[in-house]
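What follows is a group of structures, each given as structure tokens.
One chain, chain A, links the two complexes that follow: it is found with chain B in the first and with chain C in the second.
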Partner chain A sequence: MIEKNTLLQTRLAEILPSATFYLHAFPILIFLIAAMSALLLGVFRSDPDKPSFTAYGLSVAACLGGVVSIAINHVAPVAYLGSGFLSDALTQFGMLAVILGTLATLSLASCTNVGRNLLRAELVALLLTASAGLMILLSAGEFLTFFVGLELTSIPLYILVGFQRQSERGLEAAIKYFLLGAVAAAFILLGMAFIYLNTGSLQWSDLSRLNLDRNHPFAIAGALLFASGIAFKLALAPFHMWAPDVYQGANSVLTGYMAGMVKLGVVFALIRILSAGLRDSNGYLMWIFGIIAALSIIVGSLFGLVQKSVRRLLAYSSVANAGFFALAFAVLAYNPGSEISRQALIAYTFIYAILTLGSFGVLAWLEEGVEEDLDRKSLDGLGKKNPFAAFAFTIFLIGLAGIPPVAGFFGKLLILNSAVSGGLIGLAIILAMFSTISLYYYLSLITAMWFHAPSSHTAEGHLDVTVNRRMHWTIGMLAAASLVIGIVGPRWAIKLDQRTARQIAPTAQIGVP
Partner chain B sequence: MTTFVFAFLGILALFLGVFLITRRNPVAAAMLLISDFVILAVLYGLLDAHFAAAAQVIVYAGAIMVVFVFLIMMLNIPNEQIRFTRVTNIEWLLAFVGIVAAVIVAQASSLGWLQTAFPNAARILPNAPSENTRNVAALMFTDYLWSFELVGFLIIAAMIGAVVIAKQGRKH
Partner chain C sequence: MNEFFARGILSLLILIPLLGAALLYVLPAKNERLQRNFALAVALVELVASFFLVRGFSAESYNFQFSEFRNWLPVETGIHYIVGVDGLSLILVLLTTALSPLVLLSTYSSVQKNVREFLALFLFLEAAMVGTFVSLDLILFYVFWEAMLIPMYFMIGFWGGKNRIYATVKFVLYTVFGSLLMLVAFAYVYYVHAQLHGGAYTTNIIELYKTTAALPLNQQLWLFGALTLAFAIKVPMFPVHTWLPDAHVEAPTAGSVILAGVLLKMGTYGLMRFSIPLFPAAAIKMSSVMIALGVVGIIYGALIAWRQTDIKKLIAYSSVSHLGFVVAGIFALNTAGMSGALYQMVNHGVSTGALFLLVGVIYERRHTRELSEFGGLASSMPWYAFFFVIATLGSVALPGTGGFVGEWMILFGVFKANSVLGILAASGVVLGAIYMLWLVLKMFWGPLNNSENKKLEDVCGREAFILGTLSVAIFALGVLSTPVLEHAQASLMHLQKTLQSGEAYIISFENKNSQLGSEAPQDRVAASERNHP
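Moving on, here comes the complex of A and B:
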């Protein structure tokens, strides 16, 4: 017994992190601290239902602190706390993206009346917790922390979607999101349990022991369940049913966050899992992700054609765009060492997050003062009534469609390039073909904005003068980012992503400090 | 002896499960669910998973089911409001598929198929079965310390959520 106790103490001494852990994990820690402080300060408010500018200021300060700490940290790949927190270039880049996304979300929320509902102290605390969850998720090196991070993101989001119970549609969205999210979590857990049974370890570095062949049906079942759960979270067909309803019912500002940032976190974690040295010699994983990719792009582009509501249309566009993630997963599963597909995924998720945040931000702007859901008609002649919003929306739509000057093209090009060089030419052709079909609905929105005559039905997006300026700034920054990455940036971005992709060592190779 | 107890309790758990989903009265169903949970806890104990057994009794049979029963009583659902129509064809089909799947798994496990399906099972079995709780605790406070700490935030988030949504409901 005594011997065992000393063993335990030695292990504990090994595990307990050195001081650098607090520097490398600073963004996570400061987000959690800011969330709890916002909650505490909320206690002393006399009118708790009004937006709290203390909480808002606190969260913006936390974001800035996180950005500064990432800027001054120079990291070599290191694993802390078992492999609960991996500190490498991927973590740093992902954290930066999550922080910037949170900053954009907060800024958009402070501009519109609907969004300002989100700025109550307790809801800001939930948003910060969700962001911390995303950072935990994308820095995890084993299944348990991954799952805790995923739930730390999902649970606050269920609440943020559901707290506006006034509207029936919001309630429907919240219940659907919650129930299907819980089912997805159960799938992921069961898949993790089956994979654990096969490898005997939760660490991703041991995934190379996973036997994916016909003699081990439970390993295949585990991989299938895990992939389905992930597909739920990424809104990939055939698990995309919730996305249109939830995107339509939730607060627009929040929808941008849900669609953009959550996908970024999950995709980054999946990059780690798939490049941990899985041996998939029979190509089961490749088939799973390949079929999901083909279905997503088909469903997303065809169903998007018949949507009237702009939000539902954007939801189907997000299903179609997520198909590209699945394509890159298939390439990565087929060839775990494929640096080019890792790099394509990193670039594309980042670009996609910017485009989604921006397009839902513009929608939030246009919905100001409009009760009902926007349909295609309410965009008629927007170019004359509110040229700035129309111009920014055009940029985001062109980006989502994947037309050259905007960054979306460059992301899709990288993914298709990795698929072709990875040998999945048939899938690449399917994706390219159907994304051409989906051009129709993006272009029809753009035509409506610029070439149709404005009617009384057109949404304009009236805001106060001061608020309007901040809205212009936020949307303008997002649009500029997507243009700059698209025009000036490809070379810089490729280099950055290459460096990031090269630095993700499989967890086994990372030394314990 | 162990095999006999295991088989007896397993059949009892299945029987209670069927009994549970055919009750009209929600309180009776909840009580049956509690007894089913207790039997499952005993099964876990037989498998040397003592920690899981204790957690099952405390968390499921204790905390969650108490809230469940309170809710049923608070909402006061009359019996006939619960759907109790004839079983549709699809449901018969699903039940049939479920039974076939169960038989296949049972068959496979008797053929030792499950053993080959889990090649590393020996690695994850506790080296001293009687020290299961100790092993769980040792892992929780060393290798999985980070997630253990983070679960605290998860619970706080869920708690805030419950309050926010309940408060919102009272206003309208």
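Moving on, here comes the complex of A and C:
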């Protein structure tokens, strides 16, 4: 009996993670707990359609708790649950970014009437779940956890996109996003299966066994399928079709979250996958990502020119920017040791998240009281009517265009450095030329805001004074962050110890490999 | 005190206008007069500070002086905050700080809406211009170079003329197109340096001069092409000059003056600081092509200017022609040509700046710039005519004005490099005289037919002061060429020697007034490089 007990204990100790796991995964756990509690709260509410400020407070508390736990946690690269959860500098930084992004999203949502709809208890729960999914995604060390994280993010987002049941456009967007997202998930699963077929392992540390050559068509097919699925999630051309519709249909605050934070999570996961040491000696993956990058940059820059709706325009801008990420993926795929590429990706995703959250936040502010989504005309003369919003939006747009002294410049610089270091000079030149083209549409928005006279359909974003003050604070913080990073440079991203992103050996093997 | 200035004066020169721009927003919003005076005071403080720069500068040395070396991005990236001046940048910094107060003074009447924003943008622009001239790190240079676009974009777009939006967007797109390709070239150089030096990254141009000069010729030619395109757009050289007439015509007077006076020089400065010393073999190979493009610019600009009916456009095209001289002089690649080019940059800044101010004066009174509207102005506005003629003389390079010295040296240099092109360039001098004197003839002489021109007010005291200062400068430059140019002589001689020897451009930091001596910054460079993995 006693023997049996000890056997059980040792077995349990093998399966269950050690106590420090709970400390390191605290942000994920607290987000999930907060999500559950918010759901429960919703049950006891008399009018579930009203925003629940208790749930809001709960989620803000969860965010603060997460930040504190990251601040006091000691960063030592450890793997838990096989390599299902890696705790290293990259995880910590990614989690911090996700938490701050969630906080900014919640805070922006609480400012506008449309956004406050997002604060219904069950929707807050969904948002928190999506964030938890992102954190699982970026700390995963093998395909299964990665997929769990990805779906845990995607499914709440499908619902959130369509939560405005009375809006046709929102429903259309939700259906589109859901159907295409499901297909992409299938692609990713199939790709994972093919890769597993070749390597016999789901752990990314074994990806170096993947034979990407002509004799192993399934490996190539797997990589291709996986890359396509990822391209869908990142809105990379030619898998970008959903982005303009979904960005246009969803609530602006949510769009900022989708465009900024989801990209961040997926990119971080891809950094780990590509750094794991794929033997891409023929450069297949490099070609795949290189072509995707070129296409996205071209499509994003050209199609943005003809858009009337500001949100669709920003959607194409996000396609072009995702192309920059893909450019660094291409370099990283060929040369997994490329530190520059990792720095570029980490820095740019973070900067891009700030810029997108900010610009969609401004849009949410301006859309207040406007039924339709904004077109370029409705920005005419905004500089006169709401100088603060116009000023902040200008900063974000200059940042997206990559002109110093706003943070976007360093993102672009690091990506260019990465491309050149990988020998992809042709792609670097494409990036440079099409950035000039996309600059035209950013400039056209800035031009409309400052140089055109205000007209009757200029959006103002007039809200009551206290709400306006909160909006000022949130957007001001984001704008200040992009300026400060633009002046001192993304030091943290460069200093971040990404050696661990390459490999952490699992501490315990569970069951059969 | 000297110690302090030697260690931090360049940063101070960048910070003063930035601080001034921020402080403008502390002043009462309604009191525009106070804001104008404050901005002017800031620009004057900047001017005084730049005099300290001249006082402490030692003309015998070609090294970078007053250099500062600070960490900016993490050390392992090799991207630092490095500033310093040699003779070349010293003169251009001085041109910037001297023109700025005069331009600000001219805005007292010409800028009436959103005064505070204009002044803040102008001071921001001044900081960016000074920063461009003093940065010795590729990325730092790029940041200032691009940051300059933002205030210029708003100045043309908000305070400009009828077609201002088209002009300002065109200006920004042209510049950014060139600079992004330049950024790719920078990234390449950055990467190649690391490859050749065991993974030690740097964007310090002193280090890169040594690396890039050793690259094979075809690589050098590509990189030279990318950099030179960016600078050529800014100069602007034929055939990428088409943004300039639009930008000039639509810009407010202050914008035009600073555009002609300083911004165009950033292009020619870039050629002399980056294109040529970074890729000497390519520069030598391409020198005839570049001189030829310069000469085409001279003649083309002059011919087009001749046909203009809008006074401001005429002067804008004359800039194309004058900058053609500068480019030709630079690519003569000998001391005469390059000193002439440098001198001509200053002259062009002064005389064309004066001409744009003069156009602004008449535009404020008549709200038109059509040449056919004028005639016989000399009798209704004698002082105006007086200043206009002086600026014209400076522009056509009459002996006794600075332009004469500059053009003569350029022609001498170009002739030495390529006699055929030298002769063609010389024809540009004649053409320049034709269209400028023709302009003066049409505007000021002949009968005073137009009744509106009869009751025009002559220049007021403030305008007379600005124009008088510039007129004095035009003639002063005619006789003071030696004291001005001797500051840059050492640098230019060194550049020429380097080009002749076919070796890398070797230059170092030097801090005369500092107790730490000349070794300090280099040690830190070396130390930071040793730290690399």
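We take it that the second predicted complex is superposed on the first by the 476 of 513 C-alpha atoms of A that agree within 3 Å, B and C clash if a C-alpha of one lies under 4 Å from a C-alpha of the other, contacts with A are read in each partner's own complex, and residues count from 1 in each chain.
Just so we're on the same page, a contact is a pair of C-beta atoms (placed from the backbone, for glycine too) under 8 Å apart; a residue touches a chain by one contact, two chains touch by 3 or more.
This structure is a prediction, so every number in the text was calculated from the model and none was measured.
Once chain A of one complex is fitted onto chain A of the other, the partner contacts of A:413 are limited to chain C, with no touch recorded for chain B. In the superposed pair of complexes, A:468 makes contact with neither chain B nor chain C. Residue contacts after overlaying the shared chain place A:447 against chain C, while chain B stays out of touching range. In the superposition on chain A, contact of A:403 is made with chain C only, not with chain B.
In the superposed model, more residues of chain A are touched by B than by the other of chain B and chain C. When the two complexes are overlaid on their common chain A, residue A:425 makes contact with chain C while staying clear of chain B. Contacts of A:152 after superposition on the shared chain: chain B is touched, whereas chain C is not.
By the document's definition of touching, neither partner reaches A:73: not chain B, not chain C. On chain B, the positions that touch chain A within their shared complex are 114, 116-121, 123-124, 138, 141-147, 150-151, 153-154, 156-158, 160-161, 163-165, 168-169, 172. Across the complex, chain C is touched by residues 398, 403-405, 409, 412-413, 416-417, 419-421, 425, 428-429, 431-433, 435-436, 439-440, 443-444, 446-447, 450-451, 488-489, 491, 494-495 of chain A. Those residues of chain C that touch chain A in the shared complex are 72-74, 76-77, 79, 139, 142-143, 146-147, 149-150, 153-154, 157-158, 164-165, 168-169, 172-173, 176-177, 180-181, 183-184, 187-188, 190-191, 194. Of all residues in chain A, only 8, 11-12, 15-16, 32, 35-36, 39, 80-82, 84-85, 122-123, 125-126, 129, 132, 136, 142, 144-145, 147-149, 151-152, 155-156, 158-159, 162-166, 196-201, 209, 211, 215-219 touch chain B in the complex they form.
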